[in-house]
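Structures follow.
Next come two complexes, and both contain chain A; in the first it sits with chain B, in the second with chain C.
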Partner chain A sequence: MTYLTSAEVSEAMADIGPVEAIRRNRVQVTTTPGRIRAALRSATSRLQCDHLVQIATIDTGHEFELFYLLTGAHRTVLSIRTLLPRDRPKIRSVHDLLPPAGIYERQIHDLLGITFDGHPNLGRIILNEDWPEGEFPLRKDWKMDPAKSYGGAPEEVR
Partner chain B sequence: MSEVLIPIGPQHPALKEPVSFRVIAEGELIKRLELDISYNHRGIEKAAESRDFVKVVPLLERVCGICSHSHATAFVKGIEEVMGLTVPRRAQYLRTVIGELERMHSHLLWLGVAAHEIGFNTLFMWTWRDREIVQDVLEELTGNRVNYGMNEIGGVRRDVSEALIARTLIRLKPLHGRFTKYAEIIEGERTIRVRFKGIGRLSREEALRYGTVGPTARASSVDYDIRKDDPYAAYEEIPFKIVTDDAGDVLGRTRVRIGELEESVRITEYALRNLPAGSLKVTSPRVAPKADVVSRYEAPRGELVHYIRTSGGDHVERLDIRTPTLANWTSVAASLPGNHIADIPVVVAAIDPCLSCTSRITIIDSGTDETSVMTWDELRAHGRKFYRGREDR
Partner chain C sequence: MSLSKRLVSWARQKSPWIILFNSGACNACDIEVLAALTPRFDVERLGILAKGTPRHADILIVTGPVTRKQGKRLRMIYDQMPEPKYVLAMGACGATGGVFKGLYHVLDGVDAVIPPDMYVAGCPPRPDEIIDGIVKILGLIEQDMAHGGKEWRAKRKAVPQPLEVAP
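Now for the complex of A and B:
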């Protein structure tokens, strides 16, 4: 087994975005939300990535950062990074390219309120069914509103 | 025949992982599966953002009662990477010992639960008796049967004496024979063959396509194992092999877990016999520089990932946890259609999702709109009766 080098990744990702090697067996590509599907296609076909490890998300306070982490027989974790504006958190779904993305996208939608266009079912999966609409607890500016009910039995019947 | 919707679950407050399935079936055959895993969300990722590193370690041990060492190790090794700490070898070996003991107790628990699901209660009793040996060893080494509290950033918190190592090796000895026995039982017993063979099959391509991890993937010839792929703790120095199987069904997953039990006890013994001398930990700074790190760990159920971002302070900016069970759900949804309702307990249990006693099941007949409630016990009994009826034919 040989790890992917940043040169190999750069070649496969020539029109996708800049590549940097983070450490042994970690390579990162930064791209725009519009090119995410093209990036994943070249990762799976040209770089033989066959396993979606995780879609990691971070709310920086200014924007949302998404990391699509993939690996394959080369045992290198390829990270495809993209930024979404906080006021328009929308990106194309990739569940059809990589089926496990379906459940990860649903989870991210639930907790951070990022919409994945083309996802067949972005219903609740992590938060409870009586959680109020439009509240995304993993956002940095989220605060619990004492006037609202966040689920469970109402105070008076407890 | 009309389609029937069968909601399974969602919850029992005492259980580790309550889940709600909606199974759409036609007669005995499953057509589709929908899923809701919301019932045990505790907001640990959010809570981790508001505590310093020292307080996050015990918090993360409580993500899961079975894989507590996995979560703590995944986190501390990530932070150690950010801080650039070199953890003493003795600590790395001790982390490996606890990690492998944890894998043994988890796999033995699973084997017992799987046996119980098919009504093979003798095997259930045997495996859980043997699990006590592992639990006792863990208790003696760490002071706890669950949530071991061994890890801290920079090393481990408890040392082991020579006398304790000798005692542990004596205690572990009978396990070799037990694991060989289990390997024989699953090949020879008719009950196991009837209920496990050919059930919930995933080809290698499907296992990869649906993103399975751990024993579920390895039973379909996928040889991914983080202990080899992204070595941590002492795995680079300890000889062991990755157990795989090409059956891809529940029987294959059972074989892989029993094979891993044998490997784990060997790794544990090797690490204890070759435990390096030296200190237990290095002093860690209070703050970590700004960095992102992907920390991967081979938990009993498969690849566990902690995506950690630090920002120069004494707490994490973000901790994104991807658990192995979440990765394996997609394959359950994909492998159940075409199977019988009677196979639900086995196929679901085969990924080891910690939910084997999910509470109640409502059966709605779309023809008559009649609703009846069934417990997981009744579903299990239905599975046993279904296969017994076929046997008589």
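Now for the complex of A and C:
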């Protein structure tokens, strides 16, 4: 199989958003949060992307950038990029389209506080069980409060 | 020391059993401990055995900074060990938290959760340094037997002495 060309991706993603070729084996589609499920459906059915590599998230300081990196037998990395506003970080979950997405979404929810609507269990996965609510350590504006307890220590030394 | 005490002291130092616990290390320290156990250094010929459960162990080797997730678990492992128990904190991370000190997910060094008896410096320490640390713990076991416990080593606050004023 050969690499996907940006023309092929443009054809499959016609109503999703602009397509750009980043490298020979990497094509990026920029879309809105509302069309993310349509983008993934089209990527899995029309472009034969059967593998979700990861969901990368960047906090730029103004908004969150989500990259859904998919690949398949054609060995092209298809990157579906979407921007989320910082004051309302919400997006639909895609765990039912690509089951491995569920665990990535849980990690992103834990560390960056992005809510994935429709996810069956957005519980803690990386941080300790008694970590305070509403603190997201990977956000750029997050600072540790020395007066606050962040948990983890056993009872007698707390 | 009475004969029975001397006998117990000898028995305790004869064959220390160790347990390795990774409280969030990068695995380099664990590899060095394993290198100490395998044929090149072969500590088993000296009677140092690695055990699979804290209930059988005398010395707990803790590698790495204590993460917030491992804090309670490390305490549970420590509490399960029979007295007299000794703790060896390994590497720069075990002593202070090392490069991870002050990060959101760590409680820093091993002393945040349990009291270490010996620190081994290095990042990671070589197997011969680990063996040296264990042998130094054996020396501590002997001294603790003579003093009747660990209390004599506890750090005391310096009591300010009144200045001697010349008449």
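The rule is short, and it goes like this: the second predicted complex is superposed on the first by the 154 of 158 C-alpha atoms of A that agree within 3 Å, B and C clash if a C-alpha of one lies under 4 Å from a C-alpha of the other, contacts with A are read in each partner's own complex, and residues count from 1 in each chain.
The rule we apply is simple: a residue touches a chain if its C-beta (ideal position, glycine included) is under 8 Å from a C-beta of that chain, and two chains touch if they have at least 3 such contacts.
Everything numeric in this text was worked out from a predicted model, so none of it was measured.
A.B. asks: After superposition on the shared chain, which partner residues are touched by A:V53: those of chain B (first), chain C (second), both, or neither?
C.D. replies: Only chain B is touched by A:V53; chain C is not.
A.B. asks: When the two structures are overlaid on chain A, which partner does A:A14 contact: first (chain B), second (chain C), both, or neither?
C.D. replies: After superposing on A, A:A14 lies clear of both chain B and chain C.
A.B. asks: With both complexes superposed on chain A, which partner does A:L127 reach: first (chain B), second (chain C), both or neither?
C.D. replies: Both partners, chain B and chain C.
A.B. asks: For A:I103, decide between first (touching chain B), second (touching chain C), both and neither.
C.D. replies: first
A.B. asks: For A:R75 in the superposed arrangement: first (chain B), second (chain C), both or neither?
C.D. replies: first
A.B. asks: Under the stated touch criterion, name the partner, chain B or chain C, that contacts more residues in chain A.
C.D. replies: Higher number of touched chain A residues: B.
A.B. asks: A:M144 contacts which: chain B (first), chain C (second), both, neither?
C.D. replies: A:M144 contacts chain C only, not chain B.
A.B. asks: Report for A:P154: first if it touches chain B alone, second if chain C alone, otherwise both or neither.
C.D. replies: The answer is second: A:P154 touches chain C but not chain B.
A.B. asks: Can you list the residues of chain A that touch chain B in one structure and chain C in the other?
C.D. replies: 127-128, 137
A.B. asks: Which chain B residues qualify as touching chain A in the complex?
C.D. replies: 35-39, 41, 43, 45-46, 208-211, 224, 229-230, 292, 294, 296, 303, 305, 307, 309, 317-318, 320, 322, 326-327, 329-330, 334
A.B. asks: Quick check: in the complex, which residue numbers of chain A touch chain B?
C.D. replies: Within the complex, chain A touches chain B at residues 22, 25-26, 50-54, 56-59, 67, 69, 71, 75, 77, 79, 98-100, 102-104, 107, 124-129, 137-138.
A.B. asks: In their shared complex, at which residues does chain A touch chain C?
C.D. replies: On the chain A side, the touching residues are 127-128, 131, 137, 144, 150-154, 157.
A.B. asks: Residues of chain C touching chain A in their complex?
C.D. replies: Contacts found on chain C: 67-69, 71-72, 75, 102, 104-105, 107, 112-113.
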